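In what follows, subunit A forms one complex with subunit B and a second complex with subunit C.
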Partner chain A sequence: MNGAEKRRLVSALVIVVLASLPPVRRALQSSMTAQMLIDIPLLGACGWLLAMAVPDGLGRALARWDSGGISGLLLASFTGLLWMLPRALDAAVEVPWVALAKLASVPLLIGLPLGLSWPRMGFVVRGVFLAELVATCFRLGWLYLISPVRLCSNFLLDDQQRLGEWLLVIGAAIFLYLAGKLLWGSFGGRGRGEAPQGP
Partner chain B sequence: MPVARTLLASLAIVAAGAAAIAFATDGLRAFTSETARRIDIREHPRPVPATLALETATGSHIDFGDLRGRWLLVDFIYTRCLTYCTVQGGEFAQLQRKLAEPLRRDQLQLLSISFDPAHDTPARLADYQRRFGDAGAGWIAARPSDPETRDSLLRVFGVTAVADGLGGFVHNAAIEVVDPQGRLVTVLDYDDAQAAADYVRGKLPR
Partner chain C sequence: MATMTLYPDDERLPRGERIVFNLYLISAVALFVLMMLLGLVMRMAQGEWLSLGPDMFYKILSMHGAGMVGTMGMVTMAVMWFFLRKYVRLHLWAFLANYVLFLLGALCIIGAIFLGNYGALWTFLYPLPVHAMGLWTPNAAAVFMLGYLLIGVGALLFYLDAAAGIIKVHGNLGRALGVQWLFGGDIDPNHPKAVVASTMVIIANSLGILAGAVVLVMCLVNIYVPQMPLNALLAKNLIYWFGHMYINATIYMAVIAVYELLPRYTGKPYPISRPFVWSWSASCLFVIIVFPHHLLMDYAEPRWMSVMGQIVSYGAGFPVFLVTAYGALTNIYRSGMRWSMPSRLMILSMFGWAAGIVPAIIDGTISVNRVMHNTQWVPGHFHFYLLLGVLPMTLALMYHVVGSRRQAPPDSGADRIGLPVYLLGGLVFTLAFLDAGHLSVARRMATHLPEWIPTDHAGAIGAALIILGMLYFAIRISAGLLRAPADAGRTHAAG
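Take a look at the complex of A and B:
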């Protein structure tokens, strides 16, 4: 492990430890909006940092099971789906082991596999992932905005609606960024949009 | 063969992921904690401890042991409420009229429990009942006798009350049904007195 990898590993661990301190946990889970837009993305980013600290040898070994980044994408998608369930957000507030499961699973089963698999994904796989990400933001945002009932017992209706608005804004921002990149930018500049395959 | 290995890994991930999601949603039936609470109670009735003690609007002291032997329709309220609970109070007054017969025969008891005992004194509870047209029999309004009892009640009945930032609470209001053996057996919608009345009538001997 070289110096840069060590720094990333240490910073990811420090952030996760800080985020698990009870007062920080309470703050990050105090509203639906904070939990979905700050807590989960932050923990996911820690996992991505970890992925950049994985030594080359281990990365190559994993790549043999992750052609085109498909395995990592599936793992991250299923875990992400679990943390989108309203009852999971409730349980993270009410049940300590669920809060712990979130602290471990969002970095290790979402951020880490995405970070490892992203460079292996080709243009099409990335496109499907990003389109699905935008669609998920819109779907959830719309649902939270129009639902007349609270989907989480621990959070207020106006919090749910604010989260809905934010998700629509975020979905639109990602969409506009991608559309701009498609029209005027490049996706890595690799011939025919193919990512290089592992050895 | 990276492709074959990836296929294998992906199949394992899909199988594990589908199992995890099935587990987390009670077999795709419950996506919210409120639905999950209702399914759990229907499938695993919860004994309500007989020792949980209440102080009623008339100032008398009872516990759940005293209420055994008849069906109970229970809701959780706080008297300052201006939203849900105004509906809840009206629904209970309606149940009192609809179910007058079984109430008179002591086969059934209506019970409104405040989760805000510091504010809801017996006098305020009595006022709450008057406000919604309490017909005078079969409906008890009460508060937990102490804070520990309040917490136990909320836990057993699966009630979550969150401060709404305006001095009130937001809570998962419902009509909860306790059977004569003192087990919480089902949770019904707070605004559907008819469904609750039908449920109880279906359970009572004719």
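Take a look at the complex of A and C:
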């Protein structure tokens, strides 16, 4: 493991430890918005950092099981599905072992596989993933805005609706970025006979 | 620039590609005949030449609408694929995946309609699918929507693969569309029109599919969790954003056949120009924002969107159409055109496109739309440009490929009879719709007033003639495509 990989590993562990401290946890789980837009993405980013710290040899060994990044994408997607359930968000606040499961699963089963698989994904797989990400932001945002009842018993309706608005904004921002990149951006691999990276 | 050789080597289809391409085309012509038969049944039922219960009528109308739109999308993607693959690398797996997902989606739709009794039309306008009044179950509506999702995923895979290939060669979609030449610079004469048109379709239709993916899943949620009420106007906007773009994209994919084939039959180059680049860029933007012209009757729609719908309606189709029609006519003028089935069909398609968009633009005017929108004027418009515009473009390619098998464009006596029968039927059929619209005959009605019936009879006669022509084309093309290339050498380039 080289110096950069060590730094990423240490950074990821420090963030996870900090995020698991009770005052920080309380703050990150104080609202549905914070939990979905800060807590979970932060833990996922730790996993991505871990992926960047994986030694080359291990990465190559894993690649054999992750053709085109599909296995990692599926693992991350199914784990992500679980943490999109309001019931799971509630349980993460109320039940200590579920909170622990979240602290472990989001970095290790979402961020890490995504970080490892992303470079292996081709344009089409990335495109499908990003299109679905944008669509999911819009769908969830719309759902949270129209739901007449609280979906999580720990969070209030106005918090849920605020999250809905943020998800619409985030979906629109990702979409605009992708549109700009596709229309005017530059992609690696042009003219070298390689598949374009991205979007 | 498109090649001037009638059957160039780079259009040769290896065995795997030929099988998949044949699957697309043969499935398409078979589905067209079947869907046209359903259309004839409806026109005969409206004219009281056939007894059909309203529940069956709406099931047939749902099948006809979804089937025609889906098939048109599928076959025009095959047109785009056939030519685009010469300029960028396309993967057969994406083309095949699109076909398989289309078939699975079609099975869902057929099952939902004929087993589940779904009859809320191809537009699945919320909340109609969930207010079945006992005619169909929520599951049937859900399966119908699942079918759309499958078809949409297939199309998305196809477009993403095409986008990857285009970006690899041209850097990004903007450059592929030619925006760098809008205000100056020397236009690369070898920049393929097929790439420009494909890029426009990728941009516009991917957006539509994204809108469809959002609204379809939201409708599915609503079916099983009715406590989540959707904003009906927002749902309708998204549905038409998706639906309008999907069907509109078909003509922009099909016209690639004209750009590629016409110069080969006229023997005159058909180079890219600045007006061409401008028209496709403008249409790309306008096609994306024109959908509110479907909602001019919705009083709750924001006023600015209705105004935008009207203004953009005037501009959306015109630029590309004008440049294409003018370009085609100047290309044909004094060219010594090689008259055969492909060239005849291309000329017919120019007429069908030209004449077909006129009623659309008239109906896109708010003051006219208030009177005409719910009349048969609207099906008159879209049947005109689909039957006599888009479909002939795809048939032109099919005939061209059939001709490539024996190195001569098809032009048999039966072909020369089949085309006028199809044209006559198409004109009678579509003019019957337009005349009915002029007489304020309501559209989407299973039963008609006695005063409306003469136009139904004319429409049914026209439909019968179209089917006669199309049935001949379907048999002729299927037999031609299934004929193995006589030799795999250079002489059977497209085979």
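Just so it is clear, the second predicted complex is superposed on the first by the 187 of 199 C-alpha atoms of A that agree within 3 Å, B and C clash if a C-alpha of one lies under 4 Å from a C-alpha of the other, contacts with A are read in each partner's own complex, and residues count from 1 in each chain.
Here is the rule we go by: a residue touches a chain if its C-beta (ideal position, glycine included) is under 8 Å from a C-beta of that chain, and two chains touch if they have at least 3 such contacts.
Only a predicted model underlies this, so the values are computations on that prediction, with no experimental measurement involved.
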### Message
With the two structures overlaid on subunit A, would subunit B and subunit C clash, or do they fit side by side?
### Response
fit
### Task
Would you sort A:90 into first (subunit B), second (subunit C), both or neither based on which partner it touches?
first
### Message
Output check: A:74 vs subunit B and subunit C. Expected answer is one of first, second, both, neither. What do you get?
### Response
first
### Task
Report for A:153: first if it touches subunit B alone, second if subunit C alone, otherwise both or neither.
first
## Note on the structure
Rounded to the nearest 10 degrees, the Cα-centre angle subunit B-subunit A-subunit C in the superposed arrangement comes to 100
### Query
For A:65, is the partner it touches subunit B (first), subunit C (second), both, or none of the two (neither)?
first
### Task
Pick one for A:166: touches subunit B only (first), subunit C only (second), both, or neither.
neither
### Task
If you've got the overlay open, could you tell me the nearest Cα approach between subunit B and subunit C in whole angstrom?
11
### Message
Which residues of subunit C touch subunit A once you look at their complex with the stated criterion?
### Response
94, 153, 156-157, 160-161, 163-164, 167-169, 171-174, 203, 206, 210, 213-214, 217-218, 221, 227-231
### Query
What does subunit A use to touch subunit B in their complex?
63-68, 70-71, 74-75, 77-79, 81-82, 85-88, 90-91, 94, 150-157, 198
### Message
For the complex, give me every residue of subunit A touching subunit C.
### Response
122-124, 127-128, 131-132, 134-135, 138-139, 142-143, 146-149, 175, 181-187, 189-190, 194-196
## Note on the structure
Per the touch rule, the subunit B residues reaching subunit A in their complex are 2-3, 5-6, 8-10, 13-14, 16-18, 20-21, 24-25, 30-36, 160, 162, 164-165, 170, 172
